[in-house]
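Dropping a structure here in structure tokens format, bear with me for questions.
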Amino acid sequence: MINLFKILFFNLGRILSFLYPKTLSQVIESILAYTYTGVHARFFNSWGSYSSMAWGCRVTNPQYISVGNNNVFLRNTAITVTPVQPDHSPSVTIGNNCHFGIRNHLTCINRIVIGDNLLTGAYVLISDNSHGTIEREILDTAPFDRPLVSKGGVYIGNNVWIGDKVSILPNVHIGNNVIIGANSVVTNDIPDNCVTAGIPAKIIKQL
Amino acid sequence: MINLFKILFFNLGRILSFLYPKTLSQVIESILAYTYTGVHARFFNSWGSYSSMAWGCRVTNPQYISVGNNNVFLRNTAITVTPVQPDHSPSVTIGNNCHFGIRNHLTCINRIVIGDNLLTGAYVLISDNSHGTIEREILDTAPFDRPLVSKGGVYIGNNVWIGDKVSILPNVHIGNNVIIGANSVVTNDIPDNCVTAGIPAKIIKQL
Amino acid sequence: MINLFKILFFNLGRILSFLYPKTLSQVIESILAYTYTGVHARFFNSWGSYSSMAWGCRVTNPQYISVGNNNVFLRNTAITVTPVQPDHSPSVTIGNNCHFGIRNHLTCINRIVIGDNLLTGAYVLISDNSHGTIEREILDTAPFDRPLVSKGGVYIGNNVWIGDKVSILPNVHIGNNVIIGANSVVTNDIPDNCVTAGIPAKIIKQL
């Protein structure tokens, strides 16, 4: 009975694959991305030419975010900015020609500055903040209710390639021409022209 | 031609952004979450007041799961319970005021007990079981067909903060007021008032 | 007011849970998977009996991919093949009875060969390529524009179990009956009958 269902719907799918070619689905996806970009772009502090944001991306407080030209945000990327510091506006600045993979998360209360030509894999986290400082009386409270604090901004140079599932934590300067291996956690500065990997990320090659 | 399409749909999006304001989309998402919660809540062993489950969460065997008050499950979190142990019901118990990030996965055949005020990042795995024991003749079989076994339950205290992409493996007791760094894998017990990180997670600060 | 909404839609959800039982939603999901499989299967180099691909999987250049029998690809898995090497066709070959978890990503420009009975967790990356070699003048260019290169294919034996969030990098042979712990990064060969974990993955048990 189940096999009959399988065969029936499998063959229905085969027929659909002739009626609805893949190129058509790609055109529709592009159109959705263009439209979705238009929905969101006017709320940004600035939004460069030919930058696009795929369907399902989420942005909080885009008025603090500046995006250059020719950037691509793939599906389900989130950029969340929260203005919590008194006398200090948070800001996210993204250069030109950056390419963010699926399901990245940028979270900012202080400052995230990204240069040109960044390439990221999937599930990358870039955060300049954490839930509370590490003190005995803070740890006794609910993490969600701890005040967001920032040890410092995140600064990323040009031509940086960040692998899948990397987490970049607050107060980090990443130089130009850096490669960060998959699954790494970046907690310290990385100089120019380096390959780094691990938890915490260590330099495994410097050119 | 492609640029014409881009400009056309980009501006269509701009117009839509006036017709369909973001606050409306947030109201609709809340309504979907309330409804989705109502769809699932009655199947749980218990479901506390003001706990909510976003659209796309998945639950297997909710009759073994008890959820306290004021908990939040963000999108696409999965809780899968499988009763495989003879003479022993699995159970998942979640306290109050916990906040699960997107795409968490709790998988239970034995016992998962979570206290109050848990905060988790995205892509967190909490598992009390694995596919088979590590014996020569077991390894010769297909992992999917190996019997699920549990070395012990997972117990998580109060005020715990679990970073993005953390995996918590079976037979682990995590104390109160613990912080677990992003991308860590927890395989050993963690005492109260600690910060841990790494694979396997080690204590990097104790207060 | 918000509480009134919550109560209203929560109870609407309860009513819906009687009208639309879970088993019905599971039947519909199965039907969608059969249909989606049928849409894609005819484009593959070969597609075995009873292999299925859930809604939302993405495939690039399926004509280079051979899939055996009884394989399961869960939601949002992507297989991307790119023919960039002159005089050399890329190929992905998957045996029988493999079970890929949600949101896996296989990316191939050279060769990925997977045996029988593979089981993977969620967010697993299997890649035989990278963006450019590690040379000073290459690092000065945009990562996205660097030519894709492969140090060697990825070969995975039979009865292998790969944990959540594992990344498997190019030029790696993984033996039979191997277990790879959650969050690991595999950069070296793994012999038969091993348990490995860490970044980079090291043997923690050999039988």
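By letter and in written order, the chains are A, B and C; residue numbering begins at 1 in each of them.
We take it that contacts are C-beta pairs under 8 Å (C-beta built on N, C-alpha and C of every residue); 3 or more make two chains touch, one makes a residue touch a chain.
Note that the structure is predicted; figures quoted are calculated from it, not measured.
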item: Numbering shared by both copies at the subunit C-subunit B contact, with half separating same from different; value: different
item: Subunit A on subunit B, rotation in degrees - Cα superposition, rounded to nearest 5; value: 120
item: Whole-Å gap separating subunit B and subunit C, where each centre is the average of the chain's CA atoms; value: 21
item: Overlap residues in subunit C, where contacts from two or more other chains coincide; value: 123, 165, 183-184, 199
item: Complex contact set, residues of subunit C against subunit A; value: 30-31, 34-43, 50, 52, 103, 105, 123, 125, 131, 134-136, 139-144, 165, 167, 169, 183-185, 199-200
item: Residue ranges of subunit B touching subunit A (in the complex, touch as defined); value: 5-6, 8-17, 20, 22, 97, 99, 116-119, 121-123, 159-161, 163-165, 177, 179, 181-184, 193, 195, 197-199, 205, 207
